[in-house]
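Chain naming follows the written order as A, B, C, D, E and F, and within any one chain the residues start at number 1.
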């Protein structure tokens, strides 16, 4: 576990994230232009989707893939209930904010997943390509649970968006569309078709991820400094939930028969909290909930915690459960 | 001398994610058009925001020019959103050329 | 109390490709300066447009502040373009500090 | 009919590098907020500038809405910068909905 | 011909275009930031220019190159007359709009050309590097013909731009400058100079083209949905013209002695309709013409038709004319 | 020396700069979107920083590195005094503007340095990786000297920024932070960590530099055409200073025992004039100074002169001083 932590901290990807945090805390004016950050996220989505699709086009869709999908979707639906209970009691949030935050923790963060894949691959435990599909499938269910908890489905209030409208929003969200679209392209084009474009999507990948995490570090730290809405109780929850969800998800992965890398990836998906799709959905569906709370928790506390600490914990736990031998070759 | 007429110019600061609701309200009020001006940063009672692009906190200015009566219709249609979503609406009189368009 | 003077503030929504004609007209009217504000989207009688960057449909706001008489000169110079190219011109009175500049 | 109140709308064209001084002055004047609108190009007595991004010549519009008295306070606080740095300040009356915020 | 079509539809480049169309039709909010789209087009222009220049620095300028240039320029001048006749009679457009649209169909679309080069190269029929110079030479002549048709050269109306001003605009247009500038750089730097920068201009090329076509798909579909000005007659013309011009151009290429790939490329240039340089020129020179017509025809109908169908047809026709053997090795 | 000049002018990097100059003089509308230019400069900073850091992680910090640092810092402090004298007497500038311009010539231009490294590497005279650290160290001292000359340190005038504030500004400036941050990441990650991300930072480097210099050419030429504030005397100084400073810096490098490439790099650092960090600092600290003067001198005269001519001179001089044999293998 200790080796893993060291490895995490000498990975350029993680180091750039730390640089971003440090620069923002030092009040540097370093900033990635908005259009570039958007482009990098589109690139990462397209690359990860297409690579996942090519991988599945090779392996085919078998029982493992289906059980991973089932496990992921089930976790997406159920984890918010636990999160809600913790937020309402220990966190002292009201019903609406508890539901909104719970939706974030049930859903997933693409960047956390990608970072975990990089780190796991560095440990010779690359997760299966189908985990990309699992990730896409886990984006939405938690939104449903969160809304159910926050206001009961269907009770549309004036000004808030209808559930139908909201689901259209979630499923036509640019990241989902690009991720699934590129996944489909990868499946259709297969390995030979992918060969043509692989230089672009492979050569740049880690470097772009570095600069993207630099930007995330800047944003996370700036939001942390601006924020006043998050109490110590919520801070504690923003660390407690990813640990628990991560262990539950990893165990679930091992339980349904996934290998160590894929189980860890499922654990990371459960541990991660959304800060793109879900905030956008909540802004529309629960405008009364406070973005100061859910964004700060997911982006400024849980995201750095996952990247810097929790991926290491989850990876070690997956190795332990599958009887592995610590850091791979 | 060129002839001008007086119209209302209305500016609404809204969340980018909710821009469509505002422009739908403008269309519904029978106003001929609107224009979007980007904004990059701001501060209000809820604290600062910055174009953070990943999290739906971005805002835009929706501008529209309309005759007094339609402007009133729009203002009333939009008032509930102002409170609910924290939009800001300002309006004032302007002279326009080719006023028959608005 | 700070002293202010009244000037006209003029805003012209023009095609980006034709921006230079508008600013040339401003220079010709003897006005000291102008400022460009980007716009990203709009709707009018010709339907919607969006910054499509590849096809010359983009627009900008040209702002200028001028004394009444120069503003009138400018409005008259620009009126034909308004009709021909579908520009929009609005103007209104503003207070400015350091008014001797304009 | 919807109720509106009259407030001052103030626009300051400032160097991007000096934006913080302007917003600090707004905060100091006790005004609730401000919004930044990007600008991309301009011409004044010092000649043309363009967003040159590498050299600190970029500018922004800082907008703020405030009651008359606070607007005066702000204008006085900012007047020295206007001359020193070549900022431009304009203000005018606007109607706002939910005026109690400003 | 059927094989070619299949190949077209498993190419990632084309699949990303289809994804763009699909996403826009599903009303997804997927969008490439403007600055990124612009940067991608600058990159594509620079890459294609420099590669063409290096190719010509190797081959030298010989009779083939000169006859290809001559054929291209002649086609650019003459094709608008045919288009004008069709638009005026069958299309029922007025004089001004017919001239404006005709100029678009006589000029060329860089992205269609690049996509065709990719597809042809995939069929082992790479067009000669000098075709880049032909493309650049074909950008402007049609504008002249179109204006002649629309208003008679020289009769400058109030508010419209003088012809001189307009030609300055066309020849200093950013795409032309970058294309020709990079072509010149490629010729000066030659293969050894290019070696230094080739990783950048080659590794990224296909991937960037994928994302650029994704964006073009989004724009084409959104414009199609917004539009009301284009009748069924104009829609038919927007498909008929590229077919006819494509066949004429291909035959012309074979006629002046070009190989199959280069003839097909000339056919694609004739078939393609401009949606960058010419619309900008028309906005200045013929402001009375309706952009809703010429943009929708060239961008939303002809462009997708060319990418998805017509490149395949033209390629098969070129093979047929040169007595080739279908899909290459 | 003549060979070197030829080599300079067939390098694509320099040719793209010339293309930018030419396009702007022809009044083309070619322009790189602002966000892209910013992103390219961030990329270049990150790449150069990380590569420098990896190089130093291999070589370690020895006496050569320390003497190069010492020589650079000393030059940064002292060169402005000479520049000030020339500007005040021959240039006929007032005290404030002389100080402001002097600060620019004492500080450095990252892009000039990077271009020089490319050219020197092409001559098989790659400067040591530690020169990146020297460059970072030379950014600030000249600002101090310039202010001293312009207004005497400490005498803060109303509205001008306090010296403390200004130094915070300079040291948290995005380029410095990214350069030093990436340098530190390179040192921590070392060669093995860098291997992961090196495709991104190496494959794209020269190509990005090409496009960045294209943009710099456009900006430099446009500013030259807009400008009226710069007299022939100032123009002469903007060429004289880089020549003198370049020779002094090179001699200094050879004097403290650096190899030919590193000495030339130090010469280029002394010869180059800042147009990013220092103008920003001057806008805050000396708002009375005229940006029309210092930007036009550093960006539109000295920068092109250095890229097109002076790097060649300096390189030849370094070879001469170290008894080298002209252009390397």
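By our rule, contacts are C-beta pairs under 8 Å (C-beta built on N, C-alpha and C of every residue); 3 or more make two chains touch, one makes a residue touch a chain.
The model shown is predicted, which means the values in this text are computed figures rather than measured ones.
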{"item": "Contacts common to chain C and chain D (chain labels)", "value": "B"}
{"item": "Far-end chain from chain A, centres as C-alpha averages", "value": "C"}
{"item": "Pair exhibiting more inter-chain C-beta contacts, C-E or A-E", "value": "A-E"}
{"item": "Chain at maximum distance from chain B, centres defined as averaged CA atoms", "value": "F"}
{"item": "Distance between the centres, which are taken as Cα means, of chain E and chain D, whole angstrom", "value": "46"}
{"item": "Centre-to-centre distance between chain F and chain D (centres being mean Cα positions), rounded to whole Å", "value": "35"}
{"item": "Euclidean distance of C-alpha centroids - chain E vs chain F, Å", "value": "41"}
{"item": "Multi-chain contact sites of chain A, meaning residues that touch two or more partners", "value": "33-36, 38, 203-204"}
{"item": "Sites on chain D at which at least two other chains make contact", "value": "37-38, 92"}
{"item": "Every chain pair meeting the contact rule", "value": "A-B, A-E, A-F, B-C, B-D, C-D, C-E, D-F, E-F"}
{"item": "For the chain C and chain D complex, residues of the former touching the latter", "value": "1-2, 4, 7, 9, 23, 27, 32-38, 60, 65, 92-98, 101"}
{"item": "Chain A contact footprint on chain F (complex, rising order)", "value": "33-36, 38-39, 42-43, 46, 50, 168, 172-174, 177-178, 181-182, 184-185, 188-190, 193-194, 196-197, 199-201, 203-204"}
{"item": "Residues on chain C engaged by chain E in the complex (per definition of touch)", "value": "15, 17-18, 46-48, 50-57, 80-81, 84-85"}
{"item": "Partner chain F, residues of chain A touching it in the complex", "value": "10-13, 15-16, 19, 22-23, 26-36, 122, 202-208, 210-211, 214"}
{"item": "Of chain C, residues touching chain B in the complex", "value": "13, 37-45, 59, 61, 72, 75-76, 78-79, 82-83, 88-92"}
